[in-house]
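The data blocks that follow each hold one structure.
What follows is chain A paired twice: with chain B in the first complex and chain C in the second.
Right after this comes the complex of A and B.
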């Protein structure tokens, strides 16, 4: 069993990324979309939490939402996989369930 | 794979409708089946044909209509959400004594059972919006 959690809020606005990380089990995937991609930035107060989650979970961020917020690849935490919408679809297929954390 | 999509937000206010559109389009282009797109809460506002954005802005409603025309998508507006927000088709106009309709082509108004059915019939239900 694997789950995909989508997170669409900045970790500096709401605690949905933190909640998604806390509720997710090892082996699950977390995809940051919309304002959720702010959680993918290096050097923020959320970085340690995200890196901690990456020990046994996969973390992804949607490229077009990063670009819309001027977050270039070199500002993204290493290990976060940047994907496009086709990659989003693949993630939905690869996991048993999709849960939106808002 | 058979997918369904739920849209909970209106256009131009929240990114959800844009995200849902791009996701749905990508899934269809990859050859997946999209069983239904269900518009709930303010999401029903994606289905009014009276929307007229500035010419240099994306037309969220027409974009959904064109996608539905191309792929024969089933796009459903929740009836209770539609009634509250003044989304009207001919049946609803007659039933509620309204003097006009505003539903865009390719959309239809139906009940929450359609969302439940989509969840049961599809391999995955992907939700956009708060």
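Right after this comes the complex of A and C.
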């Protein structure tokens, strides 16, 4: 049993990412999309929380949303997998269901 | 010319995820038609609006970042950025665009009107403004 959690809000403005981490089981996947991709940045106030979640959850970020927000690959926290739309579809297919945390 | 007021546009939202950043730009550009003293201030997620290198080629969204670079030509005299907001997001001055300004009558030039300020300074700047528009 594993779910995909999508998060589309900035972790600095809303607690959607924090809540998704808190309410997700070990083994879950968390995908950052839209303003959610700010959570993937290195050196921010949210970095420790994200790294903590990565100990037993897989974290992904959507490439096109990173690009629009000028977050280059070298500024993404190591271990976060950057995926494209096709990868998004694969994730949806690989998990039991999708939970959108907005 | 005592009609000239000090306008401050306060920007606190990230670009693209919501319409706030774009709406603010629109109002600033429209407001340029009225001869006022215009400043912008960026705080919280608003600082993301000025990060250079945006690429929307895979997003089906208009890249409106270049518009910020033209603001000096629309009468914007100052663009202030809150230092603490930058730091919390792992950003520094090097990550931000530069915006030039020139007075075409006096030929006075400023290479970059983007200025990092401390929070107490930001508070003072807003307090000294006659109108604060919030986005």
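Operating definition for what follows: the second predicted complex is superposed on the first by the 102 of 102 C-alpha atoms of A that agree within 3 Å, B and C clash if a C-alpha of one lies under 4 Å from a C-alpha of the other, contacts with A are read in each partner's own complex, and residues count from 1 in each chain.
FYI, a residue touches a chain if its C-beta (ideal position, glycine included) is under 8 Å from a C-beta of that chain, and two chains touch if they have at least 3 such contacts.
Since we're looking at a predicted model, the values are computed, not measured.
Superposition model on chain A: chain B and chain C are shown accommodated side by side without a clash. Touch criterion met: A:64 reaches chain B and chain C at once. In the superposed model, A:73 lies in contact with neither chain B nor chain C.
In the superposed model, A:8 lies in contact with both chain B and chain C. When the two structures are aligned on the shared chain, A:38 is found in touch with chain C, with no touch to chain B.
Judged by the number of chain A residues each one touches, C leads among chain B and chain C.
In the superposition on chain A, A:56 makes contact with neither chain B nor chain C. Once both structures are fitted onto chain A, a short way to say it is that chain B and chain C open up an angle of 80° at chain A, using Cα centres and rounding to the nearest 10. By the touch criterion defined above, A:100 reaches chain B but does not reach chain C.
In the superposition on chain A, A:47 makes contact with chain C only, not with chain B.
Put simply, the nearest alpha carbons of chain B and chain C end up 5 Å apart when the two models share chain A. Residues common to the contacts of chain A with chain B and with chain C across the two structures: 8, 34-35, 64-65, 84. Looking at the complex, you find that chain C touches chain A at residues 13-18, 44-45, 48, 51-59, 61, 63, 65, 88-90, 95. On the chain B side of its complex with chain A, the touching residues are 1, 3, 15-16, 19, 22-23, 25-27, 29-30, 32, 124-130. Residue ranges of chain A in contact with chain B, taken from their complex: 6, 8, 33-35, 64-65, 84-86, 88-90, 92-93, 97-98, 100, 102.
By the touch rule above, chain A contacts chain C in their complex via residues 8-10, 12-13, 34-35, 38, 41-45, 47, 63-65, 67-70, 72, 75, 84.
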